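Below are structures written as structure tokens.
Shared chain: subunit A. Partners: subunit B in the first complex, subunit C in the second.
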Partner chain A sequence: MLQCLEGIKHLGASLSKCCDLDRQSTAFEDPEILARETVFSVSEIEALYELFKKISSAVVDDGLINKEEFQLALFKTNKKESLFADRVFDLFDTKHNGILGFEEFARALSVFHPNAPIDDKIEFSFQLYDLKQQGFIERQEVKQMVVATLAESGMNLSDDVIESIIDKTFEEADTKHDGKIDKEEWRNLVLQHPSLLKNMTLQYLKDITTTFPSFVFHSRVEDT
Partner chain B sequence: MKLTWLSAFDIISLSPGFDLSSLFEKDKSHRSDARFTTQKSASTIVSRLEEVASMGSFKVKKKDGTVKMQGSKEGRKGQLAIDAEIFEITPAFHVVQVTKKSGDTAEYSLH
Partner chain C sequence: MESNWLMKTVRGTLRSREEEEFSHVGDEDSVVKVKNIEVLNAFHIISLSEGFDLAPLFEENNKEKEQLKFAITKPPRTVISKLQEVSKTSKLNLKRSGSSVRLQGHESEEKGMVEVKEACGGTFVFNQFCTKELRPALKDIVLKSALENSTIT
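== the complex of A and B ==
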């Protein structure tokens, strides 16, 4: 009997949730679907949406994030061009139309959640570094990224030093000795050096419901 | 002191363009970590850190390339603990990553 009442209460709660969404006119598909297909909970999706709205309205208020708004959110200035920010943006932009909709934003950020599977993080980081998207990371690509990073941070290292750092790195990573790092070699490298994936996890995503409170309350208080 | 050697990918991961955490930070000054580069030798860096630590009455412990500093005064959120990890890119080029381990962020920023 008690279980029956609980069931009805839950059903009632779900129905009202449904109605709230209709009234709210969301510009994206049902958060429940996104929650199912990512590691985020429904309330986290809603909090993420608050962040998305903030970023996407910075330059053009059209509910989409363009490259400039992305740079602004990342560097707090739209004057900064970055090889890496471009790469990240392109990977987020799975529809390849130069703008990020909320779905693309949420699905990409899901990979950065502390609870996301490590395989997803390994895959994403591999694609990030595979600048020419050829399915392997070439020595030339690594050099380009190292030089870009050093320039960005105002660090100056001689070409010899850079070459020797890359030599050492490839010695360890390129176990097939073909001058390239393929997916398998990348995977082995990061499993041995987990700190290489540290940028692939954003602890902030765990607290997102408190950092970006959404004004629609969907959490049900469980009666004990 | 034995330091962590950085590979090319470690260097690349230092790039701010790859660090999406700034999407969530409203204010850079509230970051609980900071990174800077220096061309001083490792032993100079350590001595300098020890100097700063003694000025702020911190206890210092050195372990595996990290200088751990623990405040002895009770702050608003307990004792302030700061880690300074030193990475070697070349013997004349180091990256120091400073992270607040516990305590109040405002007190940490002062130091």
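== the complex of A and C ==
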């Protein structure tokens, strides 16, 4: 019985992979679909694809971005490990297969567009900071991120100052006083301090068609 | 005078989170007001992280901008008066907007910017961007302040 279920599960998995691939190739061939489902226009999708091609061919030319290529694009070196870059990559990787296809890339970047709905940005940033993905942001996670950021930048703050900053942050954010910040509390905090979402908007996305000019997208040729 | 000013700021942050304006007490002819110093939140620091900044994905080559962050227990006006010196010698305009002070060259080309946030009573965090040419001058502020400040860890 169990084996039967396993078998069905496998079948289901391969079927969905099949469907996914189909969806992926459809999106590749028809930027209109992605344009409809994201904040991007068709020409922006095409320009984004040019960027994607550049990034995804850096190490392995397979039309997919792996973690190393992502790090390379972000830090201009693949030698740099970053807690945050890992989180970002994981969030982009909605299929959880360790690589980014163009669709995942475009959909994730859509959230960073200046015109993207703020709720999407709030949601994305919450998930970003929820390191253990428990549905809330714990004090320990906040401290871990603060310490990591400070280490990255070489900025010195004493442990006392760090603790005091986190105390004040929780005092303000944790309105339910349960020692953690849930989605609702995060939302309220961010609406009070819009600058906290500053890294969730990339102005570059507005000019992407000029930065990455593309020729007419390879449209599907009717083979009749 | 300095301690009065510091106390004023501390009281302000303990009482309310409302942004408060401060004007520096001192030289009449070099008053640069920095309005609305926001109290620092842990997430402000985190949002400064390079790993969360996806802009490099779009930058062709590393534009020659440097980012420096530092924290000192001197009031912002010390940094600002140093910036004023720099702006005079490099013939740049000093402009303030909100809690940041910018140095601009010809046609408002931004050469440098210092952003201030208050970490806790008496400690300020500075986030600073500058082009390569300004780097030596602005880096000097950090070192100078760090040296003068033995309480920093």
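Here is the rule we use: the second predicted complex is superposed on the first by the 188 of 224 C-alpha atoms of A that agree within 3 Å, B and C clash if a C-alpha of one lies under 4 Å from a C-alpha of the other, contacts with A are read in each partner's own complex, and residues count from 1 in each chain.
Note that a residue touches a chain if its C-beta (ideal position, glycine included) is under 8 Å from a C-beta of that chain, and two chains touch if they have at least 3 such contacts.
Computed from a predicted model, the values in this text were never measured in an experiment.
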Task: Clash or fit, subunit B versus subunit C on superposed subunit A - done: clash
TODO: Determine, under the contact definition given at the top, whether A:A73 touches first (subunit B), second (subunit C), both, or neither.
DONE: both
- [ ] Based on the superposed arrangement, let me know which partner A:T94 touches: subunit B (first), subunit C (second), both, or neither?
- [x] neither
TODO: Tell me which partner A:V161 touches in the superposition: subunit B (first), subunit C (second), both or neither.
DONE: both
Open item on the list: According to the stated criteria, A:Q134 is in contact with first (subunit B), second (subunit C), both, or neither; which is it?
Closed with: neither
Open item on the list: Taking the superposition on A as described, I'd like to know which of subunit B and subunit C A:T169 touches: first, second, both or neither.
Closed with: both
- [ ] Once the structures are superposed on A, label A:E152 by its partner contacts, choosing first (subunit B), second (subunit C), both or neither.
- [x] both
Open item on the list: Per the contact definition in the header, classify A:S195: touching subunit B only (first), subunit C only (second), both, or neither.
Closed with: both
Open item on the list: Need the overlap of the two footprints on subunit A, from subunit B and from subunit C, as residue ranges.
Closed with: 51, 55, 73-76, 82-85, 87-88, 109, 112, 128-129, 142, 145-146, 148-150, 152-155, 157, 161, 165-166, 168-169, 172, 189, 193, 195-196, 198-199, 202, 204, 208, 211
Open item on the list: So in the complex, the part of subunit A that touches subunit C is made up of which residues?
Closed with: 51, 55, 73-76, 82-88, 109, 112, 128-129, 142, 145-146, 148-150, 152-158, 161, 164-166, 168-169, 172, 189, 193, 195-199, 202, 204-205, 208, 211
- [ ] Give every residue of subunit B touching subunit A within the complex, in rising order.
- [x] 6-24, 28, 37, 89-90, 93
Open item on the list: Using the touch definition from the top, list the residues of subunit C that touch subunit A in their complex.
Closed with: 17, 38-60, 62, 67, 69-71, 119-120, 123, 125, 152-153
- [ ] Provide the residue numbers of subunit A that touch subunit B in the complex, in ascending order.
- [x] 51, 55, 73-76, 82-85, 87-88, 109, 112, 128-129, 142, 145-146, 148-150, 152-155, 157, 161, 165-166, 168-169, 172-173, 189, 193, 195-196, 198-199, 202-204, 208, 211
